[in-house]
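Here's a structure for you.
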Amino acid sequence: MFKKKDVFFSTFEEMANTIVEAVEYFAKGVKDLKDVSEFARKMKEYENKCDNYTHTILKELNKTFITPIEREDIMALTTSLDDVMDGIEACASRFEMFNFHKADEYVFQFADIIVRSSHQIKSSIDLLTHKKLLAIREYTISINQLENEADELQRKCIKELFHTVTDPIELMKRKEVYEMLEVTTDYCEDVANTLESIIMRNS
Amino acid sequence: MFKKKDVFFSTFEEMANTIVEAVEYFAKGVKDLKDVSEFARKMKEYENKCDNYTHTILKELNKTFITPIEREDIMALTTSLDDVMDGIEACASRFEMFNFHKADEYVFQFADIIVRSSHQIKSSIDLLTHKKLLAIREYTISINQLENEADELQRKCIKELFHTVTDPIELMKRKEVYEMLEVTTDYCEDVANTLESIIMRNS
Amino acid sequence: MFKKKDVFFSTFEEMANTIVEAVEYFAKGVKDLKDVSEFARKMKEYENKCDNYTHTILKELNKTFITPIEREDIMALTTSLDDVMDGIEACASRFEMFNFHKADEYVFQFADIIVRSSHQIKSSIDLLTHKKLLAIREYTISINQLENEADELQRKCIKELFHTVTDPIELMKRKEVYEMLEVTTDYCEDVANTLESIIMRNS
(Lines give C-alpha, C1' and ligand atoms only; values in the text may rest on other atoms or scores of the structure.)
Protein backbone atom coordinates (compact mmCIF):
# COMPACT_ATOMS: atom_id res chain seq x y z
CA MET A 1 0.00 0.00 0.00
CA PHE A 2 2.75 2.51 0.80
CA LYS A 3 6.49 2.60 0.94
CA LYS A 4 8.07 1.94 4.29
CA LYS A 5 9.68 5.23 5.18
CA ASP A 6 7.06 7.54 3.89
CA VAL A 7 7.28 11.01 5.49
CA PHE A 8 3.67 10.81 6.74
CA PHE A 9 4.22 7.55 8.53
CA SER A 10 7.57 8.48 9.95
CA THR A 11 5.99 11.69 11.33
CA PHE A 12 3.10 9.72 12.82
CA GLU A 13 5.71 7.57 14.54
CA GLU A 14 7.41 10.68 15.93
CA MET A 15 4.06 11.93 17.20
CA ALA A 16 3.30 8.61 18.88
CA ASN A 17 6.77 8.54 20.47
CA THR A 18 6.33 12.08 21.78
CA ILE A 19 2.93 11.20 23.21
CA VAL A 20 4.34 8.15 25.02
CA GLU A 21 7.19 10.24 26.41
CA ALA A 22 4.89 13.07 27.54
CA VAL A 23 2.38 10.73 29.14
CA GLU A 24 5.11 8.87 31.04
CA TYR A 25 6.54 12.19 32.21
CA PHE A 26 3.02 13.14 33.35
CA ALA A 27 2.50 9.87 35.25
CA LYS A 28 5.79 10.34 37.05
CA GLY A 29 5.20 14.06 37.59
CA VAL A 30 1.86 13.75 39.39
CA LYS A 31 3.58 11.69 42.11
CA ASP A 32 5.63 14.72 43.11
CA LEU A 33 3.99 18.06 42.43
CA LYS A 34 6.32 20.31 44.39
CA ASP A 35 7.25 22.36 41.34
CA VAL A 36 3.97 22.60 39.40
CA SER A 37 5.19 25.39 37.16
CA GLU A 38 8.20 23.36 35.97
CA PHE A 39 5.85 20.38 35.49
CA ALA A 40 3.43 22.47 33.38
CA ARG A 41 6.30 24.08 31.43
CA LYS A 42 7.80 20.75 30.45
CA MET A 43 4.42 19.38 29.35
CA LYS A 44 3.88 22.50 27.23
CA GLU A 45 7.24 21.78 25.59
CA TYR A 46 6.04 18.29 24.59
CA GLU A 47 2.87 19.85 23.21
CA ASN A 48 4.84 22.33 21.09
CA LYS A 49 6.95 19.47 19.75
CA CYS A 50 3.79 17.63 18.73
CA ASP A 51 2.40 20.79 17.10
CA ASN A 52 5.51 20.97 14.95
CA TYR A 53 4.92 17.42 13.71
CA THR A 54 1.34 18.40 12.89
CA HIS A 55 2.60 21.32 10.81
CA THR A 56 5.11 19.06 9.04
CA ILE A 57 2.29 16.75 8.01
CA LEU A 58 0.02 19.57 6.84
CA LYS A 59 2.81 21.19 4.83
CA GLU A 60 3.71 17.84 3.28
CA LEU A 61 0.06 17.19 2.47
CA ASN A 62 -0.11 20.47 0.55
CA LYS A 63 2.80 19.64 -1.69
CA THR A 64 2.20 15.91 -2.17
CA PHE A 65 -0.02 14.83 -5.02
CA ILE A 66 -0.36 11.14 -4.27
CA THR A 67 -0.64 10.18 -0.61
CA PRO A 68 -0.20 6.64 0.82
CA ILE A 69 -3.66 6.69 2.40
CA GLU A 70 -6.51 9.13 1.77
CA ARG A 71 -5.81 12.79 2.63
CA GLU A 72 -8.88 12.82 4.88
CA ASP A 73 -7.47 9.89 6.83
CA ILE A 74 -4.08 11.57 7.22
CA MET A 75 -5.80 14.72 8.46
CA ALA A 76 -8.05 12.80 10.87
CA LEU A 77 -5.18 10.77 12.31
CA THR A 78 -3.01 13.87 12.72
CA THR A 79 -5.79 15.76 14.47
CA SER A 80 -6.67 12.90 16.77
CA LEU A 81 -3.04 12.31 17.81
CA ASP A 82 -2.64 16.02 18.42
CA ASP A 83 -5.80 16.00 20.57
CA VAL A 84 -4.31 13.31 22.83
CA MET A 85 -1.30 15.53 23.44
CA ASP A 86 -3.43 18.63 23.97
CA GLY A 87 -5.56 16.66 26.42
CA ILE A 88 -2.74 15.48 28.65
CA GLU A 89 -1.08 18.91 28.52
CA ALA A 90 -4.34 20.55 29.57
CA CYS A 91 -4.52 18.16 32.54
CA ALA A 92 -1.00 19.11 33.59
CA SER A 93 -1.74 22.82 33.26
CA ARG A 94 -4.63 22.50 35.75
CA PHE A 95 -2.22 21.56 38.55
CA GLU A 96 -0.51 24.89 37.99
CA MET A 97 -3.66 26.93 37.38
CA PHE A 98 -5.32 25.50 40.50
CA ASN A 99 -2.12 25.61 42.56
CA PHE A 100 -2.64 21.94 43.22
CA HIS A 101 0.30 20.24 44.91
CA LYS A 102 -1.07 16.88 45.90
CA ALA A 103 -2.59 14.42 43.45
CA ASP A 104 -4.54 11.47 44.85
CA GLU A 105 -4.72 7.76 44.14
CA TYR A 106 -7.41 8.33 41.47
CA VAL A 107 -5.14 10.63 39.49
CA PHE A 108 -2.45 7.91 39.56
CA GLN A 109 -4.96 5.37 38.28
CA PHE A 110 -6.05 7.68 35.44
CA ALA A 111 -2.41 8.35 34.56
CA ASP A 112 -1.76 4.61 34.46
CA ILE A 113 -4.68 4.06 32.07
CA ILE A 114 -3.42 6.84 29.79
CA VAL A 115 0.15 5.44 29.84
CA ARG A 116 -1.20 2.08 28.74
CA SER A 117 -3.36 3.68 26.03
CA SER A 118 -0.39 5.64 24.68
CA HIS A 119 1.61 2.42 24.27
CA GLN A 120 -1.29 0.84 22.40
CA ILE A 121 -1.39 3.91 20.14
CA LYS A 122 2.33 3.64 19.49
CA SER A 123 2.04 -0.07 18.61
CA SER A 124 -0.86 0.67 16.27
CA ILE A 125 1.10 3.36 14.42
CA ASP A 126 4.05 0.98 14.06
CA LEU A 127 1.77 -1.63 12.52
CA LEU A 128 0.27 0.99 10.20
CA THR A 129 3.76 1.89 8.98
CA HIS A 130 4.51 -1.76 8.35
CA LYS A 131 1.21 -2.22 6.50
CA LYS A 132 -0.03 -4.78 9.02
CA LEU A 133 -3.47 -3.26 9.09
CA LEU A 134 -5.52 -6.15 10.39
CA ALA A 135 -3.16 -6.62 13.34
CA ILE A 136 -4.04 -3.10 14.48
CA ARG A 137 -7.52 -4.10 15.56
CA GLU A 138 -6.26 -5.91 18.67
CA TYR A 139 -4.87 -2.59 19.90
CA THR A 140 -7.88 -0.50 19.02
CA ILE A 141 -10.04 -2.91 21.02
CA SER A 142 -7.67 -2.47 23.98
CA ILE A 143 -7.84 1.31 23.72
CA ASN A 144 -11.61 1.12 23.79
CA GLN A 145 -11.52 -1.07 26.90
CA LEU A 146 -9.15 1.37 28.61
CA GLU A 147 -11.57 4.21 27.84
CA ASN A 148 -14.37 2.20 29.46
CA GLU A 149 -12.16 1.68 32.51
CA ALA A 150 -11.50 5.42 32.71
CA ASP A 151 -15.21 6.15 32.42
CA GLU A 152 -16.02 3.85 35.35
CA LEU A 153 -13.15 5.31 37.35
CA GLN A 154 -14.44 8.83 36.74
CA ARG A 155 -17.91 7.95 37.97
CA LYS A 156 -16.47 6.28 41.04
CA CYS A 157 -14.23 9.17 42.00
CA ILE A 158 -16.76 11.93 41.33
CA LYS A 159 -19.28 10.05 43.43
CA GLU A 160 -16.73 9.86 46.24
CA LEU A 161 -15.81 13.53 45.76
CA PHE A 162 -19.39 14.66 46.39
CA HIS A 163 -19.64 12.33 49.37
CA THR A 164 -16.43 13.45 51.07
CA VAL A 165 -15.38 16.95 50.01
CA THR A 166 -17.36 19.83 51.48
CA ASP A 167 -15.25 22.78 50.28
CA PRO A 168 -16.90 23.71 46.96
CA ILE A 169 -13.77 25.25 45.41
CA GLU A 170 -11.65 22.21 46.29
CA LEU A 171 -14.41 20.03 44.84
CA MET A 172 -14.51 22.07 41.63
CA LYS A 173 -10.77 21.77 41.12
CA ARG A 174 -10.57 18.03 41.67
CA LYS A 175 -13.70 17.38 39.59
CA GLU A 176 -12.18 19.26 36.65
CA VAL A 177 -8.89 17.35 36.90
CA TYR A 178 -10.70 13.98 36.91
CA GLU A 179 -12.91 15.04 34.01
CA MET A 180 -9.97 16.24 31.92
CA LEU A 181 -8.14 12.99 32.52
CA GLU A 182 -11.21 11.08 31.39
CA VAL A 183 -11.55 13.31 28.31
CA THR A 184 -7.94 12.45 27.42
CA THR A 185 -8.91 8.77 27.26
CA ASP A 186 -11.79 9.79 24.96
CA TYR A 187 -9.17 11.36 22.67
CA CYS A 188 -7.22 8.07 22.73
CA GLU A 189 -10.45 6.35 21.71
CA ASP A 190 -10.82 8.83 18.82
CA VAL A 191 -7.37 7.73 17.59
CA ALA A 192 -8.58 4.11 17.75
CA ASN A 193 -11.76 4.98 15.83
CA THR A 194 -9.77 6.82 13.16
CA LEU A 195 -7.50 3.80 12.81
CA GLU A 196 -10.58 1.58 12.48
CA SER A 197 -11.83 3.65 9.52
CA ILE A 198 -8.41 3.53 7.91
CA ILE A 199 -8.38 -0.26 8.24
CA MET A 200 -11.88 -0.45 6.84
CA ARG A 201 -11.07 1.61 3.79
CA ASN A 202 -7.72 -0.02 3.04
CA SER A 203 -8.14 -3.72 3.63
CA MET B 1 -32.43 2.02 -3.01
CA PHE B 2 -32.01 -0.90 -0.61
CA LYS B 3 -33.83 -4.10 0.18
CA LYS B 4 -36.37 -3.92 2.94
CA LYS B 5 -34.93 -6.11 5.64
CA ASP B 6 -31.33 -5.17 5.27
CA VAL B 7 -29.31 -5.97 8.41
CA PHE B 8 -28.16 -2.35 8.74
CA PHE B 9 -31.65 -0.98 8.70
CA SER B 10 -33.10 -3.64 10.96
CA THR B 11 -30.32 -2.89 13.46
CA PHE B 12 -30.99 0.86 13.24
CA GLU B 13 -34.61 0.04 14.06
CA GLU B 14 -33.51 -1.97 17.10
CA MET B 15 -31.34 0.94 18.23
CA ALA B 16 -34.21 3.40 17.85
CA ASN B 17 -36.57 1.07 19.74
CA THR B 18 -34.04 0.69 22.56
CA ILE B 19 -33.59 4.46 22.75
CA VAL B 20 -37.36 5.02 22.99
CA GLU B 21 -37.64 2.37 25.70
CA ALA B 22 -34.69 3.77 27.69
CA VAL B 23 -35.88 7.37 27.44
CA GLU B 24 -39.39 6.41 28.56
CA TYR B 25 -37.92 4.47 31.48
CA PHE B 26 -35.85 7.57 32.32
CA ALA B 27 -38.87 9.90 32.20
CA LYS B 28 -40.81 7.61 34.53
CA GLY B 29 -37.77 7.01 36.76
CA VAL B 30 -37.04 10.67 37.55
CA LYS B 31 -40.52 10.97 39.10
CA ASP B 32 -39.52 8.52 41.84
CA LEU B 33 -35.81 8.47 42.66
CA LYS B 34 -35.94 6.45 45.85
CA ASP B 35 -33.64 3.76 44.47
CA VAL B 36 -31.12 5.73 42.38
CA SER B 37 -28.69 2.86 42.09
CA GLU B 38 -31.33 0.55 40.58
CA PHE B 39 -32.34 3.41 38.27
CA ALA B 40 -28.73 3.93 37.12
CA ARG B 41 -28.13 0.18 36.78
CA LYS B 42 -31.16 -0.31 34.53
CA MET B 43 -30.16 2.65 32.33
CA LYS B 44 -26.65 1.18 32.01
CA GLU B 45 -28.27 -2.05 30.84
CA TYR B 46 -30.05 -0.18 28.04
CA GLU B 47 -26.77 1.46 27.10
CA ASN B 48 -24.99 -1.92 26.89
CA LYS B 49 -27.79 -3.23 24.69
CA CYS B 50 -27.31 -0.27 22.35
CA ASP B 51 -23.51 -0.82 22.33
CA ASN B 52 -24.11 -4.36 21.14
CA TYR B 53 -26.15 -3.06 18.20
CA THR B 54 -23.31 -0.69 17.37
CA HIS B 55 -20.87 -3.59 17.31
CA THR B 56 -23.23 -5.61 15.11
CA ILE B 57 -23.27 -2.78 12.58
CA LEU B 58 -19.49 -2.30 12.62
CA LYS B 59 -18.86 -6.02 12.23
CA GLU B 60 -21.35 -6.20 9.36
CA LEU B 61 -19.77 -3.16 7.73
CA ASN B 62 -16.40 -4.91 7.75
CA LYS B 63 -17.64 -7.97 5.93
CA THR B 64 -20.10 -6.34 3.53
CA PHE B 65 -18.82 -5.15 0.20
CA ILE B 66 -21.84 -3.27 -1.09
CA THR B 67 -23.81 -1.28 1.46
CA PRO B 68 -27.34 0.14 0.96
CA ILE B 69 -26.18 3.69 1.73
CA GLU B 70 -22.62 5.02 1.94
CA ARG B 71 -20.40 3.46 4.62
CA GLU B 72 -19.72 6.94 6.03
CA ASP B 73 -23.45 7.53 6.44
CA ILE B 74 -23.94 4.18 8.18
CA MET B 75 -21.07 5.01 10.54
CA ALA B 76 -22.37 8.54 11.23
CA LEU B 77 -25.92 7.36 11.91
CA THR B 78 -24.69 4.57 14.19
CA THR B 79 -22.48 6.95 16.16
CA SER B 80 -25.15 9.59 16.51
CA LEU B 81 -27.79 7.10 17.71
CA ASP B 82 -25.28 5.68 20.18
CA ASP B 83 -24.55 9.20 21.44
CA VAL B 84 -28.23 9.76 22.25
CA MET B 85 -28.20 6.63 24.40
CA ASP B 86 -24.89 7.55 26.05
CA GLY B 87 -26.31 11.01 26.77
CA ILE B 88 -29.45 9.86 28.54
CA GLU B 89 -27.52 7.18 30.44
CA ALA B 90 -25.00 9.81 31.60
CA CYS B 91 -27.90 11.93 32.88
CA ALA B 92 -29.27 8.99 34.85
CA SER B 93 -25.86 8.20 36.31
CA ARG B 94 -25.61 11.74 37.79
CA PHE B 95 -28.56 11.07 40.08
CA GLU B 96 -26.60 8.22 41.58
CA MET B 97 -23.19 9.96 41.56
CA PHE B 98 -24.67 13.07 43.19
CA ASN B 99 -26.91 11.09 45.54
CA PHE B 100 -29.79 13.09 44.14
CA HIS B 101 -33.19 11.84 45.23
CA LYS B 102 -35.54 14.56 44.14
CA ALA B 103 -35.83 15.80 40.55
CA ASP B 104 -37.72 19.03 39.91
CA GLU B 105 -40.30 20.22 37.42
CA TYR B 106 -37.53 21.29 34.99
CA VAL B 107 -36.10 17.77 34.86
CA PHE B 108 -39.58 16.46 34.02
CA GLN B 109 -39.88 19.02 31.22
CA PHE B 110 -36.48 18.05 29.77
CA ALA B 111 -37.42 14.37 30.00
CA ASP B 112 -40.64 15.09 28.15
CA ILE B 113 -38.75 16.86 25.33
CA ILE B 114 -36.35 13.93 25.03
CA VAL B 115 -39.21 11.40 24.98
CA ARG B 116 -40.79 13.32 22.12
CA SER B 117 -37.46 13.55 20.25
CA SER B 118 -36.88 9.82 20.61
CA HIS B 119 -40.24 9.09 19.00
CA GLN B 120 -39.38 11.41 16.11
CA ILE B 121 -36.07 9.54 15.73
CA LYS B 122 -37.88 6.21 15.68
CA SER B 123 -40.32 7.44 13.02
CA SER B 124 -37.43 8.75 10.92
CA ILE B 125 -35.61 5.43 11.05
CA ASP B 126 -38.80 3.60 10.05
CA LEU B 127 -39.15 5.88 7.03
CA LEU B 128 -35.49 5.34 6.13
CA THR B 129 -36.06 1.58 6.16
CA HIS B 130 -39.06 1.99 3.89
CA LYS B 131 -37.11 4.26 1.54
CA LYS B 132 -39.45 7.18 2.18
CA LEU B 133 -36.58 9.62 2.41
CA LEU B 134 -38.34 12.88 1.68
CA ALA B 135 -40.96 12.16 4.34
CA ILE B 136 -38.18 12.11 6.96
CA ARG B 137 -37.67 15.86 6.74
CA GLU B 138 -40.86 16.60 8.69
CA TYR B 139 -39.39 14.70 11.65
CA THR B 140 -35.93 16.21 11.45
CA ILE B 141 -37.52 19.67 11.55
CA SER B 142 -39.44 18.63 14.67
CA ILE B 143 -36.28 17.33 16.34
CA ASN B 144 -34.59 20.66 15.65
CA GLN B 145 -37.51 22.53 17.20
CA LEU B 146 -37.39 20.30 20.28
CA GLU B 147 -33.69 21.09 20.65
CA ASN B 148 -34.50 24.80 20.53
CA GLU B 149 -37.14 24.26 23.22
CA ALA B 150 -34.57 22.47 25.39
CA ASP B 151 -32.06 25.26 24.89
CA GLU B 152 -34.57 27.87 26.07
CA LEU B 153 -35.57 25.67 28.99
CA GLN B 154 -31.93 25.32 30.03
CA ARG B 155 -31.38 29.07 30.02
CA LYS B 156 -34.53 29.59 32.03
CA CYS B 157 -33.71 27.03 34.68
CA ILE B 158 -30.03 27.95 35.08
CA LYS B 159 -31.07 31.58 35.47
CA GLU B 160 -33.50 30.53 38.18
CA LEU B 161 -30.87 28.29 39.77
CA PHE B 162 -28.46 31.19 40.26
CA HIS B 163 -31.27 33.35 41.58
CA THR B 164 -32.59 30.89 44.13
CA VAL B 165 -29.96 28.34 45.18
CA THR B 166 -27.26 29.58 47.53
CA ASP B 167 -25.54 26.28 48.38
CA PRO B 168 -22.75 26.08 45.75
CA ILE B 169 -22.51 22.27 45.75
CA GLU B 170 -26.27 21.87 45.34
CA LEU B 171 -26.10 24.42 42.53
CA MET B 172 -23.25 22.57 40.82
CA LYS B 173 -25.16 19.28 40.89
CA ARG B 174 -28.39 20.65 39.50
CA LYS B 175 -26.60 22.74 36.87
CA GLU B 176 -24.79 19.65 35.59
CA VAL B 177 -27.99 17.61 35.42
CA TYR B 178 -29.76 20.35 33.42
CA GLU B 179 -26.77 20.76 31.11
CA MET B 180 -26.49 17.03 30.44
CA LEU B 181 -30.19 16.85 29.63
CA GLU B 182 -29.76 19.70 27.18
CA VAL B 183 -26.71 18.02 25.64
CA THR B 184 -28.83 14.90 25.09
CA THR B 185 -31.18 16.97 22.92
CA ASP B 186 -28.10 18.19 20.99
CA TYR B 187 -27.31 14.53 20.29
CA CYS B 188 -30.88 14.04 19.04
CA GLU B 189 -30.27 17.01 16.74
CA ASP B 190 -27.07 15.35 15.47
CA VAL B 191 -29.17 12.33 14.47
CA ALA B 192 -31.48 14.70 12.58
CA ASN B 193 -28.53 16.37 10.84
CA THR B 194 -27.07 13.00 9.86
CA LEU B 195 -30.43 11.98 8.42
CA GLU B 196 -30.54 15.27 6.49
CA SER B 197 -27.21 14.49 4.81
CA ILE B 198 -28.38 10.98 3.98
CA ILE B 199 -31.51 12.42 2.37
CA MET B 200 -29.41 14.95 0.48
CA ARG B 201 -27.06 12.36 -0.92
CA ASN B 202 -29.70 9.80 -1.82
CA SER B 203 -32.65 11.69 -3.27
CA MET C 1 -13.80 27.65 -10.13
CA PHE C 2 -17.19 29.29 -9.54
CA LYS C 3 -19.13 32.26 -10.78
CA LYS C 4 -18.71 35.43 -8.82
CA LYS C 5 -22.15 36.05 -7.37
CA ASP C 6 -23.06 32.52 -6.59
CA VAL C 7 -25.84 32.30 -3.98
CA PHE C 8 -23.68 30.16 -1.67
CA PHE C 9 -20.85 32.65 -1.61
CA SER C 10 -23.06 35.68 -1.29
CA THR C 11 -24.77 34.01 1.67
CA PHE C 12 -21.41 33.17 3.25
CA GLU C 13 -20.56 36.86 2.91
CA GLU C 14 -23.79 37.80 4.64
CA MET C 15 -23.01 35.36 7.44
CA ALA C 16 -19.51 36.78 7.87
CA ASN C 17 -20.88 40.35 7.89
CA THR C 18 -23.47 39.44 10.52
CA ILE C 19 -20.78 37.78 12.66
CA VAL C 20 -18.57 40.88 12.49
CA GLU C 21 -21.52 43.10 13.41
CA ALA C 22 -22.60 40.87 16.30
CA VAL C 23 -19.08 40.50 17.69
CA GLU C 24 -18.52 44.26 17.56
CA TYR C 25 -21.84 44.82 19.30
CA PHE C 26 -20.73 42.30 21.92
CA ALA C 27 -17.36 43.99 22.48
CA LYS C 28 -19.07 47.35 22.95
CA GLY C 29 -21.86 45.84 25.06
CA VAL C 30 -19.64 44.23 27.71
CA LYS C 31 -18.27 47.68 28.56
CA ASP C 32 -21.68 48.74 29.82
CA LEU C 33 -23.84 45.93 31.14
CA LYS C 34 -26.55 47.97 32.80
CA ASP C 35 -29.31 46.42 30.68
CA VAL C 36 -28.22 42.77 30.35
CA SER C 37 -31.58 41.61 29.08
CA GLU C 38 -31.54 44.09 26.18
CA PHE C 39 -27.92 43.05 25.48
CA ALA C 40 -28.88 39.35 25.39
CA ARG C 41 -32.01 40.04 23.32
CA LYS C 42 -30.08 41.93 20.65
CA MET C 43 -27.43 39.18 20.45
CA LYS C 44 -30.21 36.58 20.06
CA GLU C 45 -31.52 38.65 17.15
CA TYR C 46 -28.14 38.42 15.41
CA GLU C 47 -28.13 34.69 16.02
CA ASN C 48 -31.58 34.30 14.46
CA LYS C 49 -30.42 36.28 11.44
CA CYS C 50 -27.46 33.93 11.05
CA ASP C 51 -29.76 30.90 11.40
CA ASN C 52 -31.83 32.19 8.50
CA TYR C 53 -28.71 32.33 6.32
CA THR C 54 -27.94 28.76 7.33
CA HIS C 55 -31.41 27.68 6.23
CA THR C 56 -31.03 29.56 2.93
CA ILE C 57 -27.83 27.62 2.21
CA LEU C 58 -29.34 24.26 3.16
CA LYS C 59 -32.44 24.88 1.05
CA GLU C 60 -30.29 25.98 -1.89
CA LEU C 61 -28.08 22.92 -1.47
CA ASN C 62 -31.12 20.66 -1.75
CA LYS C 63 -32.25 22.11 -5.05
CA THR C 64 -28.87 22.70 -6.68
CA PHE C 65 -27.35 19.90 -8.66
CA ILE C 66 -23.89 21.31 -9.34
CA THR C 67 -22.28 23.28 -6.53
CA PRO C 68 -19.25 25.59 -6.84
CA ILE C 69 -17.30 23.64 -4.22
CA GLU C 70 -18.10 20.23 -2.75
CA ARG C 71 -21.40 19.93 -0.90
CA GLU C 72 -19.54 18.64 2.17
CA ASP C 73 -17.38 21.77 2.18
CA ILE C 74 -20.41 24.04 1.88
CA MET C 75 -22.03 22.20 4.79
CA ALA C 76 -18.88 22.34 6.92
CA LEU C 77 -18.30 26.04 6.29
CA THR C 78 -21.95 26.86 7.03
CA THR C 79 -21.89 24.89 10.27
CA SER C 80 -18.61 26.36 11.44
CA LEU C 81 -19.71 29.96 10.75
CA ASP C 82 -22.98 29.28 12.54
CA ASP C 83 -21.03 27.88 15.51
CA VAL C 84 -19.07 31.15 15.85
CA MET C 85 -22.33 33.05 16.09
CA ASP C 86 -23.85 30.55 18.52
CA GLY C 87 -20.69 30.80 20.64
CA ILE C 88 -20.70 34.57 21.01
CA GLU C 89 -24.46 34.60 21.59
CA ALA C 90 -24.07 31.97 24.34
CA CYS C 91 -21.43 34.20 25.99
CA ALA C 92 -23.79 37.16 25.94
CA SER C 93 -26.64 35.09 27.36
CA ARG C 94 -24.53 34.21 30.43
CA PHE C 95 -24.42 37.84 31.53
CA GLU C 96 -28.19 37.75 31.69
CA MET C 97 -28.50 34.23 33.15
CA PHE C 98 -25.92 35.01 35.85
CA ASN C 99 -27.25 38.52 36.45
CA PHE C 100 -23.73 39.73 35.77
CA HIS C 101 -23.45 43.50 35.46
CA LYS C 102 -19.73 44.10 35.49
CA ALA C 103 -17.30 42.54 33.04
CA ASP C 104 -13.59 42.75 33.79
CA GLU C 105 -10.45 43.57 31.83
CA TYR C 106 -10.09 39.89 30.80
CA VAL C 107 -13.51 39.86 29.17
CA PHE C 108 -12.50 42.97 27.19
CA GLN C 109 -9.32 41.24 26.06
CA PHE C 110 -11.24 38.13 24.95
CA ALA C 111 -13.76 40.32 23.13
CA ASP C 112 -10.91 42.10 21.35
CA ILE C 113 -9.42 38.77 20.19
CA ILE C 114 -12.81 37.65 18.89
CA VAL C 115 -13.35 40.96 17.06
CA ARG C 116 -10.00 40.52 15.34
CA SER C 117 -10.79 36.89 14.46
CA SER C 118 -14.14 37.85 12.98
CA HIS C 119 -12.46 40.36 10.66
CA GLN C 120 -10.01 37.69 9.53
CA ILE C 121 -12.96 35.39 8.85
CA LYS C 122 -14.69 38.09 6.82
CA SER C 123 -11.53 38.71 4.75
CA SER C 124 -11.15 34.96 4.13
CA ILE C 125 -14.72 34.64 2.90
CA ASP C 126 -14.22 37.61 0.57
CA LEU C 127 -11.13 35.94 -0.89
CA LEU C 128 -13.03 32.67 -1.28
CA THR C 129 -15.72 34.49 -3.25
CA HIS C 130 -13.09 36.03 -5.49
CA LYS C 131 -11.39 32.65 -5.99
CA LYS C 132 -8.17 33.85 -4.40
CA LEU C 133 -7.75 30.64 -2.48
CA LEU C 134 -4.06 30.73 -1.74
CA ALA C 135 -4.30 34.24 -0.30
CA ILE C 136 -6.68 32.89 2.34
CA ARG C 137 -3.91 31.05 4.16
CA GLU C 138 -2.45 34.25 5.62
CA TYR C 139 -5.76 34.81 7.42
CA THR C 140 -6.21 31.24 8.62
CA ILE C 141 -2.73 31.42 10.17
CA SER C 142 -3.77 34.63 11.95
CA ILE C 143 -6.95 33.03 13.26
CA ASN C 144 -4.92 30.15 14.66
CA GLN C 145 -2.58 32.58 16.40
CA LEU C 146 -5.52 34.45 17.90
CA GLU C 147 -6.87 31.16 19.25
CA ASN C 148 -3.51 30.49 20.90
CA GLU C 149 -3.62 33.97 22.43
CA ALA C 150 -7.09 33.26 23.80
CA ASP C 151 -5.94 29.94 25.23
CA GLU C 152 -3.09 31.60 27.11
CA LEU C 153 -5.40 34.35 28.28
CA GLN C 154 -7.85 31.79 29.62
CA ARG C 155 -5.18 30.00 31.61
CA LYS C 156 -3.95 33.27 33.03
CA CYS C 157 -7.34 34.49 34.13
CA ILE C 158 -8.57 31.19 35.55
CA LYS C 159 -5.35 30.94 37.54
CA GLU C 160 -5.97 34.43 38.89
CA LEU C 161 -9.62 33.61 39.55
CA PHE C 162 -8.71 30.71 41.84
CA HIS C 163 -6.10 32.84 43.56
CA THR C 164 -8.33 35.83 44.25
CA VAL C 165 -12.02 34.89 44.31
CA THR C 166 -13.25 33.06 47.40
CA ASP C 167 -16.99 33.08 46.74
CA PRO C 168 -17.56 29.77 44.90
CA ILE C 169 -20.67 30.91 43.03
CA GLU C 170 -18.97 34.11 41.82
CA LEU C 171 -16.01 31.97 40.76
CA MET C 172 -18.25 29.54 38.87
CA LYS C 173 -19.94 32.35 36.95
CA ARG C 174 -16.75 34.09 35.89
CA LYS C 175 -15.02 30.81 35.03
CA GLU C 176 -17.88 29.86 32.72
CA VAL C 177 -17.83 33.25 30.98
CA TYR C 178 -14.06 33.01 30.36
CA GLU C 179 -14.38 29.43 29.12
CA MET C 180 -17.20 30.25 26.74
CA LEU C 181 -15.23 33.15 25.31
CA GLU C 182 -12.28 30.84 24.76
CA VAL C 183 -14.55 28.23 23.14
CA THR C 184 -15.76 30.92 20.73
CA THR C 185 -12.18 31.37 19.54
CA ASP C 186 -12.03 27.58 19.05
CA TYR C 187 -15.03 27.93 16.76
CA CYS C 188 -13.19 30.65 14.82
CA GLU C 189 -10.32 28.18 14.47
CA ASP C 190 -12.75 25.56 13.13
CA VAL C 191 -13.71 28.04 10.39
CA ALA C 192 -10.00 28.44 9.59
CA ASN C 193 -9.52 24.66 9.47
CA THR C 194 -12.53 24.22 7.19
CA LEU C 195 -11.15 26.89 4.88
CA GLU C 196 -7.77 25.09 4.89
CA SER C 197 -9.43 21.87 3.65
CA ILE C 198 -11.31 23.78 0.98
CA ILE C 199 -8.03 25.32 -0.22
CA MET C 200 -6.36 21.91 -0.16
CA ARG C 201 -9.07 20.28 -2.25
CA ASN C 202 -9.45 23.10 -4.77
CA SER C 203 -5.97 24.36 -5.54
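Side notes on the structure shown:
For clarity, chains are labelled A, B and C in written order, and residue numbers in each chain start from 1.
Convention: contacts are C-beta pairs under 8 Å (C-beta built on N, C-alpha and C of every residue); 3 or more make two chains touch, one makes a residue touch a chain.
Everything quoted here is computed from the prediction, not taken from an experiment.
Looking at which positions face the partner, chain A and chain B present mostly different ones, since fewer than half of the interface numbers are shared. Superposition of chain B on chain C using C-alpha atoms only gives a rotation of 120 degrees, nearest 5. Centroids built from CA atoms put chain B at 28 Å from chain A. In chain C, the residues that touch at least two other chains are 168, 172. Those residues of chain A lying in contact with chain C across their complex are 58, 61-62, 71, 75, 93, 96-99, 168-169, 172-173. Every residue of chain B that touches chain C in the complex is listed here, in rising order: 155, 158-159, 162-163, 166, 168, 171-172, 196-197, 200-201.
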